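Scroll down for the structure; my scribbles are underneath it.
Labels run A, B, C and D following the written order; every chain starts at residue 1.
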Amino acid sequence: MPHYVLTLSCPDRPGIVNAVTGHLLRYEGNILEAQQYNDRETDRFFMRTVFALAPESLAQVRAGFDTLARAFRMEWSLRDRGEPRRVMLLASKFDHCLADVLYRWRIGELPMAITAVVANHPRETYRHLDFDGIPFHHLPVEKGRKHEQEAALAALIEETGTELVVLARYMQVLSAELARTLAGRCINIHHSFLPGFKGARPYHQAHARGVKLIGATAHFVTADLDEGPIIEQDTQRVSHHDTPDDLIRIGRDIERRVLAQALRYWLDDRILLNGHRTVVFAV
Amino acid sequence: MPHYVLTLSCPDRPGIVNAVTGHLLRYEGNILEAQQYNDRETDRFFMRTVFALAPESLAQVRAGFDTLARAFRMEWSLRDRGEPRRVMLLASKFDHCLADVLYRWRIGELPMAITAVVANHPRETYRHLDFDGIPFHHLPVEKGRKHEQEAALAALIEETGTELVVLARYMQVLSAELARTLAGRCINIHHSFLPGFKGARPYHQAHARGVKLIGATAHFVTADLDEGPIIEQDTQRVSHHDTPDDLIRIGRDIERRVLAQALRYWLDDRILLNGHRTVVFAV
Amino acid sequence: MPHYVLTLSCPDRPGIVNAVTGHLLRYEGNILEAQQYNDRETDRFFMRTVFALAPESLAQVRAGFDTLARAFRMEWSLRDRGEPRRVMLLASKFDHCLADVLYRWRIGELPMAITAVVANHPRETYRHLDFDGIPFHHLPVEKGRKHEQEAALAALIEETGTELVVLARYMQVLSAELARTLAGRCINIHHSFLPGFKGARPYHQAHARGVKLIGATAHFVTADLDEGPIIEQDTQRVSHHDTPDDLIRIGRDIERRVLAQALRYWLDDRILLNGHRTVVFAV
Amino acid sequence: MPHYVLTLSCPDRPGIVNAVTGHLLRYEGNILEAQQYNDRETDRFFMRTVFALAPESLAQVRAGFDTLARAFRMEWSLRDRGEPRRVMLLASKFDHCLADVLYRWRIGELPMAITAVVANHPRETYRHLDFDGIPFHHLPVEKGRKHEQEAALAALIEETGTELVVLARYMQVLSAELARTLAGRCINIHHSFLPGFKGARPYHQAHARGVKLIGATAHFVTADLDEGPIIEQDTQRVSHHDTPDDLIRIGRDIERRVLAQALRYWLDDRILLNGHRTVVFAV
């Protein structure tokens, strides 16, 4: 039997879980996982549930749920877990995040359909990477013509039915307009422990400040640079011995695992937006 | 309105969550937190939920739940979260875990009623610790008379209505008999990352082996030494520079935080037994 | 034979280590530990060495070293490791760092002479803490009379021969003047991972930003608030479930261990200033 | 000027550092890095130093050092840091460690000459990996003919001038004989936090025991399975939710970074043997 993932959020009130589970039960949906969270500060309720269901019941479950959702003023999504989500990868010169995501995808660790690899550097830059049939697009950013490059990118996202754009150390700042278009479906990996060291050359900033740990942050992209909702972060110990180049090397490992973790959460519908923060149902 | 914590486990089957939430809803119980876990290996279902309820409805909720629980073959517990649980602390010469638990209790971080501090060393050993009215019992273990000491201890546990016994670096091995009596309600902190370095002098064992991290493990006590269900563990980096005495010093910090975490989980009914392993609803 | 600690920094050039070790060897000093660091960026050399020496040779070693140090333009210090350093602890309402430092001192983990505990709250606030003979001074900060309080504090530091002032969650900002007076000998624990969340209520700031890790920072105090040279930092994972109060609780553990680590480094002469950063010879 | 790395160990006694630095100074060697360690337990001294030297002085430095080393009964090695070391990679079906080491090598993070990739699976297994000209050898292990396979392997190691053999999740146990031949120059990555879970299927063992952290260990291979000197370890948090497959996935990340770290240490002559333990000059 196929598995489905239902995520929802709504104003908190008694009876939500009972209504949701009752609805699924009515169609013999069998709940396999469930996570809930009540934000006491905002009185908002968040839920994610995975259930097995006979596929012929799906249309009814969905239709009935729509009515239920309206009664509870839910934002919700119901997805077939077996249908791989469509993800586009954007990269620049440094390909450690790109190579890592591709590897994890190849061995089945990140179940998704990669719609394209897009870079502002030519294919040659990634000559040691096997794209295994994934279309590659070279979209260089020429001085004063960023707008055109973004238009081409937006068209590609549209055409390919891309659901998520991953900035895998893509070193171009998106325009406010494109950031808004991709709101909630564009993840960036920033190479610092935000909110420390926003903007350019964060490892050099970290070295200059003399911090004893460095970090990386995966976040949704918004029009406000490095201010989007944080999905995942991690840090690692460094010392006075470490030069900026050492920090860059150590940081590559942090970036790879933080981005992969954020992507895994997203692919498994574990991230819900809560204002400018995230609810991440990690387990 | 008072808060109650319901925990349960039972063979998995459809409808459990719906039945439980429906039952609580019927009496206007308002669910504040819920965690679930389906163990696919054993097909067993685990749940913890916190709900607010008018106290006059409690008897009915409990009675009705008893019927429901029988139908689902549940093991369950329903507890008033406002009633502090009764905990006894056992210590030996090293008092870092004892001092730490007492401090956390004093500032309200570990809400519990401490029924007694029991030690095989005299009160004088802990002269710098303010027990703040907690009864202290000196129960030394004399050669060949361990049985008598344990009888006195068991009597004290009984008399004081102690629900949980915490071995806060209590350096006496409990007899198999006492271990069985306290099954599921006695937590020990072992000063190694189990299953490595069981038994005596684990830091010396760790030093001799040349490990690069040391750890500590909080587990339920069973008749099998250092083999009980693990509740919480943590590790910390060490190096060739560290002597056994350094490991002991570094280890004190790990032990304190691992024991405190395990105790916090227990006090908040977050630990359920799953055979010889634990389900810990950490968040 | 007594142990001495020599620390020095100077412009880098060939022959420093040979000159230092040769000088110690001449008086039969036996080197037990040595750490060195060459900062390639600033071309400055840093060294710490621990050696055993017959006490009757000390005056000669010191006098000869003075000459050598001038030749190499060294800043240096030579200290008898057996003489406990004189440390003053400042606290406010929250006493977790104070209690922790006192405990570690009591069991010998932090070898020092505590000259005084000073607080802007009365002795009663810490009634559960055994000061074990350490003088306590209540120096409240009255509105508009901070200058007078600081004058009293400065006098006390002077009178007691205090070498290091530890702000153990002392919630008063030192005036620029006092900060300058205590340059390089006043350590603060800030309850965030600097440079993130400077200033007041950092856990509330962290919660509002939705970070997935929180941290603490021990640093030397300078006239620039939360901008002094960083000595030690650590972080811990949190989640959307954690309220500001949870962050405060989790943070207490981070603060305690970060401050204790920084203090241990200082007591063992492991921290050297390198501009507005630190060299910490951790092992 | 080229950089050289000198490592040595010898019985501890006064004057070692002075003699070594004096010798280098005589030939205008300029010390760039130095680490020392005195093992008080065994009274053995360990040192690593990096220095710049005019290449025409090398022969004299080496000859003179030989005399000095005999006087101090040193085991020592002096190596040109610019000459990449010769490393052979062995792999089996799972290629995450192999792919990771190759990636790090390609971007210059692990400066070495890879003499060969050897596998008991055919080239086709790694079809997505670009070996970039590195010779590949398929050496399958046929039932009852392991001896022959190892003879071929040993010959290849000999012929290629391989200095270090890396078992990058190579799932064949080396014979005692081959292990002895490769003593001190064969590194394995074991997928558990040793000494816990030696032998086969460690993630399944870890799951069965219910540990709350899993780990990986890089160690030198000896005839005693999983008992060789430990070089590097790390751990990561898991929970009751994680199935053996989840542990395998999480473990891949730990294995990759632990092996890469151990390899980096080895390539930079940071690992010295101290009986059946290691001294690792990490910084």
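Some notes on this structure:
The working rule: contacts are C-beta pairs under 8 Å (C-beta built on N, C-alpha and C of every residue); 3 or more make two chains touch, one makes a residue touch a chain.
Composition by chain, UniProt nomenclature: A, B, C, D = Formyltetrahydrofolate deformylase.
Just so it is clear, the model here is predicted, and its values are computed rather than measured.
Looking at the partners of chain C and chain D together, the chains they share are A, B.
Over half of the residue numbers at the interface between copies chain A and chain D are found on both sides, making the touching surfaces mostly the same.
Rounded to a whole number, the gap between the C-alpha centres of chain A and chain D is 36 angstrom.
Once the centre of each chain is set as its mean CA position, chain A and chain C turn out to be 41 Å apart. Shared contact sites, meaning residues of chain C that touch two or more other chains, fall at 239, 241.
Remark: chain B residues 96, 99, 103, 106-107, 109, 128-130, 132, 239, 241, 249, 252-253, 257, 283 touch chain C in the complex. The part of chain D that touches chain C in the complex is made up of residues 14-15, 17-18, 21-22, 25, 28-36, 38. Only residues 37, 39-41, 193-197, 209-213, 215, 229-235, 239-241, 243, 274, 276-280, 282 of chain B touch chain D when the two sit together in their complex.
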